[in-house]
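Once you've had a glance at the structure underneath, I'll fire off some questions.
Letters A, B, C and D name the chains as they come in the text, with residue numbers starting at 1 for each one.
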Amino acid sequence: MNRSITIEKLDQMPIENRQIEIVERKGRGHPDYIADGASESVSKALSTYYLKTFGTLLHHNVDKGLVVGGKSRPFFGGGEVNEPIQIIVAGRAVTQVVKKGRIIPIPIGSITLGAIKKFLRENFRYLNIDLHVIVNYMIKPGSLDLVKTFDTNQKMPLANDTSFGVSYAPLSQTEKLTLETELYLNSSLLKKKMPELGEDIKVMGLRKNAHIDLTIAVPLISNLTPDLDNYISVKEEVKNRVADLATKITKLPVDVHANTADNYDNGIFYLTVTGTSAEHGDDGNTGRGNRIHGLITPCRPMSLEATAGKNPVSHVGKIYNILAKTIANKIYNKIDGVTEVYIKLLSQIGKPIDQPMIANVEALLEKGTKLNTVKGDIKCVVNESFTNIKQVTNDILEDRTLLF
Amino acid sequence: MNRSITIEKLDQMPIENRQIEIVERKGRGHPDYIADGASESVSKALSTYYLKTFGTLLHHNVDKGLVVGGKSRPFFGGGEVNEPIQIIVAGRAVTQVVKKGRIIPIPIGSITLGAIKKFLRENFRYLNIDLHVIVNYMIKPGSLDLVKTFDTNQKMPLANDTSFGVSYAPLSQTEKLTLETELYLNSSLLKKKMPELGEDIKVMGLRKNAHIDLTIAVPLISNLTPDLDNYISVKEEVKNRVADLATKITKLPVDVHANTADNYDNGIFYLTVTGTSAEHGDDGNTGRGNRIHGLITPCRPMSLEATAGKNPVSHVGKIYNILAKTIANKIYNKIDGVTEVYIKLLSQIGKPIDQPMIANVEALLEKGTKLNTVKGDIKCVVNESFTNIKQVTNDILEDRTLLF
Amino acid sequence: MNRSITIEKLDQMPIENRQIEIVERKGRGHPDYIADGASESVSKALSTYYLKTFGTLLHHNVDKGLVVGGKSRPFFGGGEVNEPIQIIVAGRAVTQVVKKGRIIPIPIGSITLGAIKKFLRENFRYLNIDLHVIVNYMIKPGSLDLVKTFDTNQKMPLANDTSFGVSYAPLSQTEKLTLETELYLNSSLLKKKMPELGEDIKVMGLRKNAHIDLTIAVPLISNLTPDLDNYISVKEEVKNRVADLATKITKLPVDVHANTADNYDNGIFYLTVTGTSAEHGDDGNTGRGNRIHGLITPCRPMSLEATAGKNPVSHVGKIYNILAKTIANKIYNKIDGVTEVYIKLLSQIGKPIDQPMIANVEALLEKGTKLNTVKGDIKCVVNESFTNIKQVTNDILEDRTLLF
Amino acid sequence: MNRSITIEKLDQMPIENRQIEIVERKGRGHPDYIADGASESVSKALSTYYLKTFGTLLHHNVDKGLVVGGKSRPFFGGGEVNEPIQIIVAGRAVTQVVKKGRIIPIPIGSITLGAIKKFLRENFRYLNIDLHVIVNYMIKPGSLDLVKTFDTNQKMPLANDTSFGVSYAPLSQTEKLTLETELYLNSSLLKKKMPELGEDIKVMGLRKNAHIDLTIAVPLISNLTPDLDNYISVKEEVKNRVADLATKITKLPVDVHANTADNYDNGIFYLTVTGTSAEHGDDGNTGRGNRIHGLITPCRPMSLEATAGKNPVSHVGKIYNILAKTIANKIYNKIDGVTEVYIKLLSQIGKPIDQPMIANVEALLEKGTKLNTVKGDIKCVVNESFTNIKQVTNDILEDRTLLF
């Protein structure tokens, strides 16, 4: 197959050499993360149901969502949620299938409510699904035209849209540190040791030349935090543990800051009853949080597509972002002489998804490496990845790839 | 004032010299644009009300929104909307003010509903606000802590968050073309000549070396399009007019494509009753559309912050993006030798907004221009812009700056 | 046709001779009336659409509704609505028709929203539909089984339920007075003379032996009521006018009371911005207001069925109540010797609606009149009315009968 | 205290001697019952919380509600709920209390959601609260004026409205039978023996002279009903058991009918997945179901007030109906010579609730009993009951009285 692949040598300062780098990670309990998680949980549950019931993965797109913050009253040693968080997942999906003239309805409601509540139960320890959340959905039957386009029995799905995927490799030290800090603070291992740490952890990494500032916002569970002394000591432990972690990821000096908006004199601490700031006024939307590497990286090219909630078969806004990441990682890991690589993939609506309108590779090369030397290998990786593009669907359904 | 300003020389290929450029513009009637427009209209109406009533602009943040697509049945010469579009704006705002011991409630409902409906009436000609849309809102009183932070009587507002603004100048030819194409097709002048053109216009620009493909999706108003012949001739006229426009913007050859998903044999055209695809299943979220230049530009650094709906006084996620654009434009326009400039501004929560944690300028320089030659001028522009940062609020309220 | 008709002589005290009579009328702007009006407006609009489009009246039942009160701040000479009234009509309806293999969708959304807003516009002068109300609906496609039952091409519709209709004739003096008072105060003629009178008028009539107390709650439009003096004088005029009216309806002495909850010292008046107490916290449900005579009459037999919103073809909960009223009126008006008459009609699910399970007539007779003398005439009226039962549908659609 | 009590001798046919009697009972799983149950559960939970936290029962009125039916697909041996039931409770309540200058918020959301879900869990065995229901609420802070009226520290609460309560004693045989049939079929004892019986049981009793027809609609749980044979045999057992029960309640011959809308040939059975018809399109409203005796009795005087959801301290629409029932029962049980008694109580807004505007007693007396003989005793019962009116609040909170 003759794919439209362009490969360029990139003449630019390597990311680590630039003066400034800004990186953000919205952790598991952030309202935007909840919106993403809710949308994606519904997509995954629908996909599983479609596959199990009909042997094929039917059209859906639930990549819009709204998390409306509640009202809570946390205080040292206690607290309550006065008004619940509201979660709405919106989009469309195949809600009935005609098979041999018989209409088979799909229990869209049970699937959707079940998926979102399962996501919440798995991600929060102190959020009472019965009392603290109202889960709702606004999912319509898919547009007929798109449904026509979406014929899953064919060998290769057709792109449902003109859309692009963007990624790069490798992560910079600041990026790794930002990502790993949140994953560590939200790891089940640490949660056992420090159950006070809420899930709505946000990490902001700022590298200024050879120095990194890592700013962490971490809500403490009010019921488990009896007083200010306790609050302070937990914050200190967080800072110390993250400082430790940092030494394993980077040799650059790292300053760790925690809950910098605190103002003890004015009674301002970061306490939550449930672990998420959504309990008190913070709202979220799907597609507003982390990109495909789990980070927000204004110094790097990004896609604005939400990966969460899109169907993992034909929705290029999801698949091409994952594929771009996979290609970037493979090129960086397997091909000597490539020090940084940026991938942009553009789809053509209605064409098989393994035939992009353009697949663009920009590579920073080691001193001495010529583009011609690596061009063949790069092209090979790109081609291989497109040939195996259906693998992306499985990677998503079997949780083998980070989406946000 | 001693601001933390860093200025770097950028060693990278100018945008116009790269092999590939991808640019997208979601036009005025796109569901994500509607979500942005709804959120921003509410912020503007609240700001105006606060200023008029209390002499100061009170806290609010309504930067989350959901547009849930309806169901429609357009056909040549007619059509109807079977289920309405639902629009929800979410967030928080000051809903009552205590003045001399008396509680003064703010008519948040009338302001919000009025603002969104006004936005819709001004932007759509064939959307019946009574019959085709349900407008709702979920706005809670703001978190008390943030309200404390937000003291508008002080000389300089305090940043409400750790957040960043990102922008650049100048627009590339492909970017200009993509933006201008949508503005032209949605201009009131052209709408008079070609009333059939719906508002939900999406433009995708792809430059491959020295050639641009411009792909336009434009819905035709079904009531004004009697038959396929008419449909085809309107599409042709759109292509011709845009090709004309292109010659005024770029010397590169431009291929214009329109409604490429059409398939006449299968009865697939892009017809709408109301002018927006939200009438039939397409959903939207605030903050998912165009960035501060009115474009989505994966080849350029971008911020993920929604500008729409944030308060224009203290919300750095809004103000810093606008300021970054202003600074970039000023540097590019006023300082000789700078051919491209990229700005990143990072705030410090709780600090005055004119004191960024970092203001980073990266400049591509003309051959022969040294960084030291322009550094002073650049710093001067940055400092001046921060000194006049309160001007940004006025620019927003008086519609002097594009937000999305 | 041999109908199951039972006719009894009633040995009881005539209503006018009883010591106590209590009667209530919830006027046009009462939240429960709004809920009824909204449901019924949708039924009527659907019926009209079905008839016009398909030549037959299809199944629907939208007899459930919710009016959620808003928040307002009326004051002498002004006022504003801070949070809108929310109106939801719920039920089911045929939303698509299959005709010759083609699916024809019905614009249920436009019909529903249009009908409710039209009802509001026709019934309120100071309710701003754009700013003061959010109209929504939750209407599902009808249960298939019921749809099967509902075959409109047959000669006589089948009862959709086991349900009963209840009515009587004539109205007592207290009933007439209570009803006419509201109709007069809400008449367009009086509204021109006294525009200050809001629509949410509630009248309670209490007859104690030979004396009637008429208690009226009438909200004044705050914008049209500059001060307390004005408020008091309008109240006085209302009382005087109603006292006048009373002399035309009854010879009993009538005391008229208005807004008895007022407490000028504590600043409690009955002012509204819009004319309805729904603007500030008063909620409503369909089917909770007036019965088929336009009154709530605990001293008389009543049905608990909501007439509002039920389809006017096969829903016996609607049709049998109207028919009962018609039969009662005819018997009372046409048959000499009958001084009071009570009708109970019970349907059989699945049987033609002109074949009730039971039609029971209880008659109070003039001294000297024997049941046998009038039995034949009564039976004749009942039979005739059932034979012409389809006329009820027309009476509803053409507004010839009061429903609530 | 000198109360306005009127006592009349009623000259009318005793209920058992009339030719026709129609009685209905909407059972525990009926959509209207669910609406009542949801509203009342919230009132009770609020009352309990207010009492526990503030030592007094604060104002609330949540007597409006909406149950929107879902979509389900029951079949013999299985079934699923495709779209959930939606339950909304509306009204107002005190949501914050100012105590010594400090605002104490009340967790209205947790209380409301918790109460409704508890009600559902206690009343349904096969309704999955997570997957089959969306529970929501629209409760606003109470109107300030009413809050002022509602001063709970005073000796006697003030009536919040002009409203009436209506009741009678004793129940007729048909009434007893109708009520007891539902209670028996929904008893936990029988549910253990016949788990297939769903909760949405509706009983209609029709007495025609000396013969009773008892028509029962009882949904079978589809998962527990493997096939038609099973369905038929369960129906038979229901009929037999109810026929048995009937012999203990009345000596009149009783014909029992079950699920008369069934049509085996057309595949119409009454199967449900969850036990309530709300799972498939049947909607409900608060206040539309059973009156204070647990029955709908068009042959008897009835109040249209919803008892469910009203506050049990000052809301006369609730308290006066219960008091009327209590008074009626006491008079009938304690005073010889009274064979039927009807009570009507009318409140005066703003007056202490133990001072009705009128308390009217109508008594049918045994042959030979004179009104004057019993008048004193009746007056005594009425006076005593009003003196102890605060006991009604406790009876409600401690579940000692049937409300609907």
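Here is the rule we go by: a residue touches a chain if its C-beta (ideal position, glycine included) is under 8 Å from a C-beta of that chain, and two chains touch if they have at least 3 such contacts.
Values in this document were obtained by computation on a predicted structure and should not be read as measured data.
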Notebook entry, point to check: Which one of the chains is farthest from subunit A, going by Cα centres?
Noted result: C
Next item on the list: Could you give the separation in Å between the centres of subunit B and subunit C, each centre being the mean of its C-alpha atoms?
Entry: 50
Checklist line | Gap in Å, rounded to a whole number, between the CA centres of subunit D and subunit B | finding: 55
Notebook entry, point to check: CA centre of subunit A versus CA centre of subunit B: separation in Å?
Noted result: 23
Check: Counting only residues that touch at least 2 other chains, which ones in subunit A make the list?
Finding: 71, 83
Margin query: Thinking of each chain as a vertex joined to the chains it touches, would you call that graph a line, ring, star, complete, or other?
Written below: ring
Notebook entry, point to check: Between which chains is there touch?
Noted result: A-B, A-D, B-C, C-D
Checklist line | subunit D to subunit A touching residues, read off their complex | finding: 70-71, 73, 80-84, 95, 105-110, 113-114, 117, 128-132, 134-136
Notebook entry, point to check: Okay, in this complex, where on subunit A does subunit B touch?
Noted result: 6, 8, 10-13, 18-20, 22, 63-69, 71, 83, 86, 88, 90-92, 138, 140-143, 145, 148, 162, 164, 166, 204, 206, 208, 215, 260-261, 266, 268, 280-289, 291, 296, 298-304, 306, 344, 346, 349-350, 357-358, 360, 362
